[in-house]
Amino acid sequence: MIELRTSPHMKGALSLPQIMRHVIYALLPICVFSIYQFGISALVLMTVVTLSCVLTEALFNYLSNKKNSLNDYTAIITGILLALTLPPGFPLWMGAVAGFVAISMGKTLFGGMGFNLFNPALLGRAFVQAAFPVAITSWTPGGMADRFTQFIPSSLTIPFTAPTNTVDSFSGATPLALQKFEATTTPNSDLILGFSSGSLGETSSLLILLCGAYLIIRGFMGWRIPLSIIVSTILISGIFYLMDNTYPSPLFMLTSGGLMLGALFMATDPVSAPVTPMGMWLFGFLIAAMTIVIRLFGGLPEGIMYAILFANASVPLIEAIAQPRKFGQVATKKSGENK
Amino acid sequence: MNILNLFKNKTFSHGIHLPDKKEHTREQSIRRLHFAPELIVPLSQHFGAPAKAVVSPGQEVVRGQVIAEADGFMSVPIHAPASGVVKEIELYPTAKGPKTEAIIIKTWPGASQRAASFEPVNIASLSHEQLIQAVQDTGMVGLGGAGFPTHVKLSVPPEYSIDTLVVNGCECEPYLTTDHRLMLEKTAELLQGTSMLMNALGAKQAIIGIEDNKMDAFNAIKSHISGFEHIQVKAVQTHYPQGSEKLLIKVLLGREVPSGGFPYQVGVVVQNIATITQLGELLPSNQGLIERVVTVTGTGVNKPGNYLVPLGTPIRFLLDHVGFSGNANHLILGGPMMGSTVASLDVPITKPVSGLLVFNEQSVEKVTDEIYPCIKCARCVDACPMHLNPSILGQLASKRQYEPMMETFNLMDCFECGCCSYVCPSNIPLVQYFRIAKSVLREQPREEA
Amino acid sequence: MSPDSVSFIFLNAFLINNFVLAMFLGLCPFLGVSGKLNTAWSMGLATSFVMLISSLSAFFINELLVYFQIEFLRLICYIAVIASAVQLVEMTMKKFSPTLFRALGIFLPLITTNCAILGLALFQTFKEYDFAQSLAYSTGAGAGFILAIVLMAGLREKLELADLPNTSKGAAISLMLAGILSLIFMGFAGLGS
Amino acid sequence: MTQTVKTNQASSMSMLITLGGVAMLSGLLVVLTWQLTLEPIRENQRIMIEKAIFQVIPGAVQRQSYALSDEGLELIDPKVKKLKKSEMKLYAAYDKQGQLKGIAAESAAQGYADMVRLLYGYDPQCECIRGFSIIKMAETPGLGDKILVDKTFLANFDALDVRLSADKKTLQNPIITVKHGDKKNPWEIDAISGATITSKAVGKAINLGAEKLLPRLSAHLEKLKLMQTMPSTQVPKSTKEKAE
Amino acid sequence: MPIKEDHTITADTFLAGIWKENPVFVMLLGMCPVLAVTNSVINALAMGLATTFVLLCSSTLVSLLRNVIPKEVRIATYIVIIATFVTITDYVIQAISLELYNALGAFIQLIVANCMILGRAEAYASKNRLLKTLTNSLGMGIGFTIALLSLGTVRELLGNGSLLGYSIFGEAFQPWVVMILPPGGFIVLGAWLLLFNWIKERNAALTLANERGTS
Amino acid sequence: MEITTESINQLLLASFFMAALGIVLAGVLSIANRRLYVYEDPKIDEVEELLPHANCGACGTPGCRPFAEALVAQTVDPGLCTVNSKDMNQVIADFLGVEVSQHEKKVARLACAGGNHVAYTRANYQGLKTCRAAALVSGGGKGCTWACLGLEDCGTACDFDAISFNKFNLPVVDEDLCTACNDCVVECPKDLFSLQPISNKLWVACSNKDNMDESEAHCDVACNACTRCVSDAPEGLITIQNDLAVVDYSKNGLASKVAIERCPTGAIVWKDYNSESQRGVGSRKIVRKEPIARVEPLPRV
């Protein structure tokens, strides 16, 4: 029988699962580097968090009789990205809690994929950061000799108990904490290549940049938000640096902490970002500005997570003022002249 | 957005790049299709009031004879596409859906087709009003797709003056090659029609805009153009929907037609290649529009090509002629981006139809893929040539919040080009949503009144 | 930044210890009137205006009470005076600026019984703020209220386009949203220390 | 509140009477309650303050309140007297024999979440801080509130050096908080790792208080050596004070 | 109302406040104290009792005076009455325990602005006889207290590992600090509401299925 | 506690202060009251309380509040509210001291019987599952261009759950629940619904304007304009317009079942309130009991 369809009768090649699949591909090198640096603890933490996300998604699908939504791969992305923002020795059970919260409170609550107002991975992290502030600020240095044979002790903490024998967290202080609390600067080369301590996936800015560039070039991800964040960061921290060079340099700002990971993989989560070009520029600027304010004047060494979440919350307001200028909007004057 | 665009021909911002798929018919010169045993001539083939039939069942008609006359200014007459006898005037299905009145003509066998004789007119001697009347008498409507009566377009409100006639040779939709062939084969008529219309409009110049995937047509016109001082051809980048008049004007002249307004407001009239070529042929000889070139292509036909089809030919006949492979089940009148599917093979070819695409099972792209929620990826926002926000429009439409769509998000500026649906990775049928919304919104004032 | 400085007091009430999201004040209007961005904005404006008024009246009433050494009547006097002050404002507004009244006036009676207003007055007294500090405190609190309610309203408006599961419809989602916002505002902690 | 009213509006008089009457009634009730609860509340407050004072000054069992101002040191009854802006309140604490054991005063600094308000105990003998107790704070439980329980952190206050400089105008070494494990000098506070900010707030508060208090106090120390008593009755009636 | 006043007291008069019209879970009134002081069970209990006390006293007075108070000064009078009892409560709590008083902070005084109490005064006490008002207010107060407790229990248990100050999970338990922080308040209440919604949904689905099954 | 002059003084001071405050505030309020005096009939609130708050507009006013105002002004009568129960309307009438007039109940009725067991589909519509969308795509695929598409727009529009769909995808109106709010009439893109007084029992359940063969080619129950009903019914009650039988309800009194008996397709029916419509004995039997298979459109998103 003849089929009746509505135009257009052609379809672009990109599909949602395909985009998501490629995001996972782009994350893999970062995961591999992280495992290289932090050893089996990293591998197991990533597995546990991702599994927790996927199982939570499946559980809620089951509870609400929804059709299977695992095949869009977003739960896996959430899991991987969430894991990449956690410190290497983070107790596994807390990782599982983070995954559960990310999917349940960050996603299912709002109706699932596409409707979440906040970046689920970051919401999961924000929750565990508030719930277990000590564990999430205990950093383990990378490159330890026995990392492939032994777990970081705190990883294996028994569920619902506190990690007991934390490694002296000082040896693993992040570049940002060192900068903020000790006024010690980490060499730029370490920051760029990733030989510093920090969350699983945030250490190597260069690698993150390359993986993000792959997504942008293949058209799986927009370029405005990352660019806006990077440019705004350079500008704002540049101004501070020029005023008083005890403030960290723009390069340090850019390459330390989670800024790169946030700019390329988390602020770009399409669902929780604005859709309009102008909105994206504002969004990026807001993230950069808030990150720098928290880093320089706040109580915490790092601010990118809160900055992105705050920007997520502001998206409706941003979009209210940043709708695109429709075609033919100003031309009315011209026609007047023509009369 | 692409940096490479800097080195290419000019284009507008946003829009999309489509595979052009024109290779099957590009090289096929126009062939004449013979007459179907029965022609179905709907009285409404154009934008505006339907024509009024002036023949009655049983009456014999001669090819080219007026069989329905214009019902007011916003209407055009209809001419008999073939000699024969009027069988009936009854409701008949059309591509749009609702049945409309159509004159059914039983044609005489091909050999005895005889044309009504016409006296040539001297265009130059006509006054402006007479010229408009003459254009209306040809029954000419926009052949580019909208079917807007050409003479109405030519009667520009007196407060505006036209300086430029833009000839739309973009043919930006994939698969279609009618305009391309016409430019190659009827270059002289095209240029003649252009200068005629320039005179009619009092335009100082005319620009023929051609997408740069048709450089042979560009060169052909270039080589004929010497006699016509004020006509220029310009190549524009192949970029969908370059052929939309607002965007073409923007690219060629840098003028932006105001939202909700018409090209004449910025001193421009846009006509399609086919319209002008036909007019160039018909007007001097005082004839009516009775046939048009249609691209028939797609995976479902054996002999794709460009056919000169008498208006009113049922699709079934056309398909039989070009040989259509059995399981073709997807027929589109027009291009793949904006054309509409037909529900029945009895639907006739009418004036605005520029193509018939026939596909067999699922060979058209997988449109029925699973629909995901909008992920706000902004691809549609970057694609929309009208700079709307299809993402939010789509979300509002899915919640049936039509008023804000119109009031806050300019729904009415959407010309349904389909770019947004094309790029949406979530497969959201955005354009369909917008059509529903527009149809609801259009009904509303009527209800309140 | 000195904790007593006017700018820190403002920042503190605005972000760090946001009245709604960290101090739990004014939740009823925050949850009740945050359905639409436009109304939320008006409500926010009206509330911060009333905050200013009540902070001022509380400041002077307190001087009076201290003078008579009857501070124990503070609560009663505050609430009664604030309530009437608001009503007076409402009346004046209606008489002299009907447009302003239409935009803000309808919210005024609602705001009287809102604990952010009373809380502001009480806290500024407990903290022994002087006039300038009270002013900074009340504007900061007002700005913080506007920020919170406008963010909330934007999010809730956006949620109207989401396929909310039935379970999370209604007040539950609003509270979770407030929780998330509050979680986010924790990022401001320690600012300026 | 009263947009919709019945046609039969109440007379203004009845409104005045009702509201006035109810208000008067409530004034009466409140004043009675206040008078009835005054004593127990004062007692509660006294117990609380003394608990804090004795905690920060080891060995103390009695105390006396003073107001320190440019005019000098004045014995006060803290329950009655309102301090002026220029006056600082301090508590002198004594052992059973009435020998001065130390001096306690309040101070505050911005912590992680909000102000950290604390009472610190100064020992004039060793010119050092002997301890502190928190009056009010909102630091993160489990993190910021480690300052109350962390043994190494509390060890900082066994004898935190607040020696005055030669000219008795400032501290010789301002108290600073250093990162965990870096303490080298007796005037440094070894921070709790993970709660550096709160630790710093404690240091800042003590430094702030000591800087303000000690230089002014040094002239009057002698006066405090022995416990004094109020010239009037131990616990004067508030109303009497007011009559002055 | 054209419909006659109804003076009969039914079980529902009392029970309404506890479940069907629970001020917190259903009517979302007086949210500020609910969230602010429920970081421990004892605070929650104290707040619940204090609010109930104020509610009872003020409803009594309002109900008694209901025919005397002119409509125009109604709200002002109610506020003054409520504020009186709140002040009294405030001082009594100070006299009982300063620690408790400090923990509850200004929220005792903010009971004045608790919309629930004014709402009850306006909607119920001013229209009904004393006994009925008292019954209803008691129900409301208990409902309010139950809600506070249900929040306080979860928050203290998870956030501190204890109940009423007694350690439940033992030393090694890792407290979920967020629960006693502001976000925890919102989230726990939200979670309770989600749970109730879910149960309601499921019951509705079950009854529907049953009806389908039988018919 | 001892009673001293101080405590008495304090007592007096506090009481007077409060009394003064109370009086000042009451004064302010009473002035405010004078200024803000706006008369609004309290009856309006009370009547509104008694209305169902459906704001459906079936009564002809924009919503329940305006209706209440109109009721109090006695410009309309309570019976116009079709959502409220009769008893409740009586309560309102008693309260206002007026009579409830008897308005004849109207219900929505569908001028189509072409379920997908009798009406043929010539093309598969694949797109959003809404009638309006389908109607925009070449009319939606049913052979008869006037036919009900069965994609449930009317059911979604009805706020009262009065419309359900039978297994042949045809809307069925529960006439008890229908309040004649007009929503479905407005919603249907094929304009198949209209509001009919329940005394209009003779009903043409077809909208096909094709002539004889053409109409029967697409639907087994189409009106094929055979004119039998016209001749069987009293003069002028039924006419054929555009190849479709039309009942002139101004002559409704003449209607009887006779008109339907010889209808060959059963397009004209007899519809009693709350019961299935009856087809004439002469109409052809509908043999098919299962819907003709069709491809499901996309889900209604």
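We call the chains A, B, C, D, E and F, going by the order they appear; numbering starts again at 1 in every chain.
Note that in this section a contact is a pair of C-beta atoms (placed from the backbone, for glycine too) under 8 Å apart; a residue touches a chain by one contact, two chains touch by 3 or more.
None of the values given here were measured: they were computed from a predicted structure.
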item: Selected interface, C-F versus B-F, where C-beta contact pairs are more numerous; value: B-F
item: Chain located farthest away, centre of chain B as origin (C-alpha); value: D
item: Reference chain F; chain at largest CA-centroid distance; value: D
item: Computed distance of Cα centres, chain D from chain A, in Å; value: 45
item: Chain C and chain E, separation of their C-alpha mean positions in angstrom; value: 22
item: Centre distance in Å when chain A and chain C are each reduced to the mean of their C-alpha atoms; value: 33
item: Whole-Å gap separating chain A and chain E, where each centre is the average of the chain's CA atoms; value: 40
item: Per-residue overlap in chain C, given as positions that touch at least 2 other chains; value: 70, 72-73, 76, 80, 83-84, 87, 112, 163, 167-168, 173, 176, 180, 183, 186, 189-190, 192-193
item: Contacts with two or more other chains, residues of chain A listed in rising order; value: 1-6, 105, 109, 111-112, 115, 127, 130, 133, 299
item: Numbers and ranges of chain E residues touching at least 2 other chains; value: 72-73, 75-76, 80, 83-84, 87, 91, 177-178, 181, 183, 187, 194
item: Touch relationships between chains, expressed as pairs; value: A-B, A-C, A-D, A-E, A-F, B-C, B-F, C-D, C-E, C-F, D-E, D-F, E-F
item: Contact set on chain B toward chain C in their complex; value: 373, 392, 395-396, 398-399, 401
item: Chain E-touching residues of chain D, taken from the complex the two chains share; value: 1-2, 5-6, 9-10, 14-15, 18-19, 22-23, 25-26, 29-30, 33-34, 37, 40-41, 44-45, 48, 136, 140-143
item: Interfacial residue positions of chain C with respect to chain A in the complex; value: 37, 150-151, 154-155, 157-159, 162-165, 167-168, 173, 176-177, 180-181, 183-184, 186-193
item: Chain E contact footprint on chain C (complex, rising order); value: 21-28, 31-32, 72-73, 75-76, 79-80, 83-84, 112-115, 117-119, 122-123, 126, 166-176, 178-180, 182-183, 186
item: Touch list for chain B against partner chain A, complex; value: 16, 18, 159-161, 174, 246, 250, 255-261, 265-267, 329-332, 336-345, 357, 364-369, 372-379, 381-382, 385-389, 391-392, 409-410, 413, 416, 418, 421-427, 429, 431-432, 435
